[in-house]
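Step one of this worksheet: look at the structure below.
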Amino acid sequence: MSNKLRFSANINTFNACADRYVLSGYGQRLSTDELIQAATRVPGLTGVELVGLWHVNDDNLEQINRRVRGAGLEITCVTPDIWASARWGRGSFASADSQVRRDAIEQVKKSMEWARQLKCDIIDLWFGQDGYDYPLQADYPAAWDRIVEGTLECAEYLPEVKLVIEYKPKEPRTHCFVGTVGKTLMLLQQVNKPNVGAMIDVGHTLMAYEDAAESAALLQHFGNKLFYMHFNDNWRLWDDDMTVGSVHTVEMLELLYWLDRVGYDGWYALDIFPYREEGVGAATESIRWIEGLHGLLDRIGRARIDEVVARGDALATSALLREALLS
Amino acid sequence: MSNKLRFSANINTFNACADRYVLSGYGQRLSTDELIQAATRVPGLTGVELVGLWHVNDDNLEQINRRVRGAGLEITCVTPDIWASARWGRGSFASADSQVRRDAIEQVKKSMEWARQLKCDIIDLWFGQDGYDYPLQADYPAAWDRIVEGTLECAEYLPEVKLVIEYKPKEPRTHCFVGTVGKTLMLLQQVNKPNVGAMIDVGHTLMAYEDAAESAALLQHFGNKLFYMHFNDNWRLWDDDMTVGSVHTVEMLELLYWLDRVGYDGWYALDIFPYREEGVGAATESIRWIEGLHGLLDRIGRARIDEVVARGDALATSALLREALLS
Amino acid sequence: MSNKLRFSANINTFNACADRYVLSGYGQRLSTDELIQAATRVPGLTGVELVGLWHVNDDNLEQINRRVRGAGLEITCVTPDIWASARWGRGSFASADSQVRRDAIEQVKKSMEWARQLKCDIIDLWFGQDGYDYPLQADYPAAWDRIVEGTLECAEYLPEVKLVIEYKPKEPRTHCFVGTVGKTLMLLQQVNKPNVGAMIDVGHTLMAYEDAAESAALLQHFGNKLFYMHFNDNWRLWDDDMTVGSVHTVEMLELLYWLDRVGYDGWYALDIFPYREEGVGAATESIRWIEGLHGLLDRIGRARIDEVVARGDALATSALLREALLS
Amino acid sequence: MSNKLRFSANINTFNACADRYVLSGYGQRLSTDELIQAATRVPGLTGVELVGLWHVNDDNLEQINRRVRGAGLEITCVTPDIWASARWGRGSFASADSQVRRDAIEQVKKSMEWARQLKCDIIDLWFGQDGYDYPLQADYPAAWDRIVEGTLECAEYLPEVKLVIEYKPKEPRTHCFVGTVGKTLMLLQQVNKPNVGAMIDVGHTLMAYEDAAESAALLQHFGNKLFYMHFNDNWRLWDDDMTVGSVHTVEMLELLYWLDRVGYDGWYALDIFPYREEGVGAATESIRWIEGLHGLLDRIGRARIDEVVARGDALATSALLREALLS
């Protein structure tokens, strides 16, 4: 029997989502307090992720801590904002501008400090703006050296806080440097610090034609480096950030199976963009899908799955899943 | 309550599958008689598809009919071979070589004749070789005129036999002319014959970033032109021809729902390539998935699905499917 | 020798571009007057596209006309805004809400009226929000009927103004109804009005795994329905809206060749999003690439290209292009 | 001024290419002697790649050496066949069957031995069959351990022969384990032997949404591990193995620029499948494109390219390339 899963959500799940056409957003803009209140309405949700400067800063640290804890929630991750303004448009850690690099590193250190004080030990390091849009636009070796160097500096700054690399193949750049599980493993190996690991964002793996289960297994196999999980779904070609369970049923089952098998015991966090859906409902559905699929694995029996995986027998697996899902 | 579904399979399902690396095939080569015997071992299978010249020709017509009927099977489709030899490498109906065009049309007419005598009224018209590989290689308007013209000539040859266009965006050409449901509808409108319609091959729709349910609905909505169905699954980017149910659960449910809703009452035929799997088992699994998902729709209740579709409420749909699949 | 090309640009080319992460935009926000001034700094640009309500409305019609004409520019297209606010989030012409449909149709009619008074005869009908995000979310036949119906009503409203369907497979919805050239041809055939045609947006064709040249040729071949052109480039999987010439050289050459061959004599308009580039420079480069490639076709000689296309000889074409580009 | 490039080609370039539909091939089957003769007809070609057992074996070693040398060619690479028969259908080094693993390792060692005797120091290690087709079919950590272990054993067998990992995301499996440059770097780091490196196959990088130039630069930057190059082109979504220069002009320019910049001095080998084209012509065109693009870099001037890359200025780069290509 598997352990009880712990669920978190990016607190922006409950805010209006915008895209490049509807910049004002499809829903209603809420205050941080309202976002926290929304989070409490999601059954099973016990954690939230905050974004540095958006929700937490030097001045509101105690207040935000009180509000979140008061609402019965934990802070599971602080994400430094090194990607959401024009300042970072040509990169953060990999920027060719040394002042921008310095500022980005400072932003991350600030978030690390805030996280520490908020009793949160996870920092989401997403290098979304570090990449290129056009051919012949990037100095690849220089960029990678800078990413390694900046990550190393942050890692050493507060060794008790974990830096979690969130890789993604593209968007907002047409190509992001840290784009795949393999590149992430290489980065981790270059940095080589115990407090630097990675997360799997399910949608990002789908975009990269990875199997999320394989990616999770590799991160664990080569150094126990899977520190965090982001759940969502998409149509495999873009980061649609849909609710969990909406498209990929079998692959989600496989992922949940492997997370248990490789000993992942971190948070199951949602990173969805419910553009046209109501946020509380979207988070609720996502959690229920994860719990439902996880429970199904228990009902099938892990040993039986171990056995079909060991045989690599696609038809036996098909029958097992089919009977579990359809009868 | 929905009708009982009728299942068929491309008889090559049971033969060794080959690819461009393993030309001799991953499994065992069987004779046509052995293929027919294999088909009888698939529970629920009551029809088979034959390929012109491969399994049926002027000389074996009676014999093959006796064998198939004797095995308790119907012939649901005859597919003219206008794509499996170097002769067709630069096109069949769209070839720039008028003699090749003529030969291709003759092949199709022969298959129509054979089908008629075999009491089968479906011809699978797959223009796999009609397309282009390189930019600036094709004269598009000329190619389309030739496809329309050839199809028209065949349609008029035996009006009681149905020509079913099987569209596919690519492979073996990097681009096939008749590649999407929209282009197919345009072709059908140009040809404008009651005995010319289309099939949905599920994998081809996935490759084309179509939703198979939408494509089926459009073919029916604009003229009741959905004459046949090919089932399989893939990873959305290539025609992997996997067993049904292996990757796309929810989309398959949606497709089955819409097939009933738009009044499709033709065959549910398998077109899978079980390269490394045993063919009888792969077909059996595929049929069981279709039946299982179809039964699930009944258990949910069509009216409840109608209602969530009418509202376009993604979260309500999610809950409905989740409860049906996971509880 | 080919005709001189006429270039236009979406006037937003010169404004700050935003995405879902950097909602405030990567550059500077300009007023409409400043945008017009920017347009005048692009060598060779003689037209601009305006968006209804953003740049033109009932009150500023004379003023905007004077400003644009005073700057030496023509207005080549008016695009009704039926996609840029939460109001249209669940569709415009295809919305299940009859009031939203009514409002969308009114918006289009208003833009048609404005266009007429501005001596512009092109309306860009982009149904970006008409689609679906999730499986089992859309009533496909109903949606298509509504799109046909709305388009028909607008077409009849002012027959002297042309409605130009801009198809796109996805974004902002994960699936847009009018997504491919084939579906567009079907829509045009259903509507069947002389003042309703289509445009090719090059990036949208790349996303749809279309060859833009083929799509353009088909729109002309089946009814002379290519009314307008949008140029940009991308990495084939998403609407990156990059400058022309940045990735796809050969396909752009093929497109320009076929545009002349099928008698397209409309505007060559830019629809790019220079997120991190300066807009005037990005438009200038794009026009120079188009002119340069177009000139190259002249230098090669159209008759020689006609000949290699007629032969379908990929190696002869390769040699021809190689010699023209590299020696 | 850059060095003169050395060109090789997979000798199968000159043989009939087959696919899963046309198993007998589109062209003519030639003997090994005929293939060698064909290679001599390609201007500029000075090397060929052979496949173990197909073209070279224990008995014909001296003879094949004499024939190739006699034709004025070098043998640049020997590729062990661990992927072209049903025996390897479920994996080679990663197979769950220890006997199959053993046999695969023996095949590689044999090819290493042949290579050594043929004065060739490159072995192409392509794990095409090592992967999975279905979800829940693979034991990922076990598979990776086996790949590392087998590679290590071979590396130690003949340290003077180089093993070159050829990564590819899919085909013939729907997912190959060693699929991306990042995973390859991880594998190289695990194996950690001076005679184990990697190649870039351009088409495989395009399929993986990599920029080939970036991938090449990373392999060099992290350990000088770029040992070999395979050239071809495709439409970015599948390994179409088209002639060089047919689709991606600018990316090929970028790759050639970076190969020089990172000090790659190995062979420029062709790995194309000219299904419907004549092989000698296809190879000739490919070499001429590479030489032409390479020469263009010289004409532009490497220093000027260094400068625009350092600035990351997409518009300056665009202007530079445009002027070089079009004026």
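Chains: A, B, C and D, in written order; residue numbering restarts at 1 for each.
Throughout what follows, a residue touches a chain if its C-beta (ideal position, glycine included) is under 8 Å from a C-beta of that chain, and two chains touch if they have at least 3 such contacts.
Note that the structure is a prediction, hence the values are computed from the model and not measured.
Asker: Tell me which of A-D and A-C has more C-beta pairs in contact.
Answerer: Result of the comparison of A-D and A-C: A-D.
Asker: With chain centres set to the mean of the C-alpha atoms, which chain is at the far end from subunit A?
Answerer: That would be chain B.
Asker: Can you check how far apart subunit A and subunit C are, centre to centre, with Cα atoms defining each centre and the answer in Å?
Answerer: 36
Asker: Centre to centre, by mean C-alpha position, how many angstrom separate subunit A and subunit B?
Answerer: Inter-chain centre distance comes to 40 Å.
Asker: In subunit D, which residues are in touch with two or more of the other chains?
Answerer: 90, 133-135, 170, 175, 209, 235, 237, 243, 246-247, 250-251, 276, 314, 318, 321
Asker: If we count contacts the way the header does, which residues on subunit C are in touch with subunit B in the complex?
Answerer: Going through subunit C, the ones touching subunit B are 90, 96, 132-141, 144, 169-170, 175, 179-186, 189-190, 208-209, 211, 213-214, 217-218, 220-222, 250-251, 253-254, 257-258, 262, 305, 308-314, 317-318, 321.
Asker: Give every residue of subunit B touching subunit D within the complex, in rising order.
Answerer: By the definition above, subunit B touches subunit D via 17-27, 83-86, 89-90, 128, 133-135, 170-172, 174-175, 234-235, 237-238, 240, 242-243, 246-247, 273, 275-276.
Asker: Name, in rising order, each residue of subunit A that touches subunit B in their complex.
Answerer: Residues of subunit A touching subunit B: 209, 235-237, 243, 245-251, 276-278, 281-282, 285, 288-289, 292-293, 295-296, 314-315, 318-319, 321-322, 325-327.
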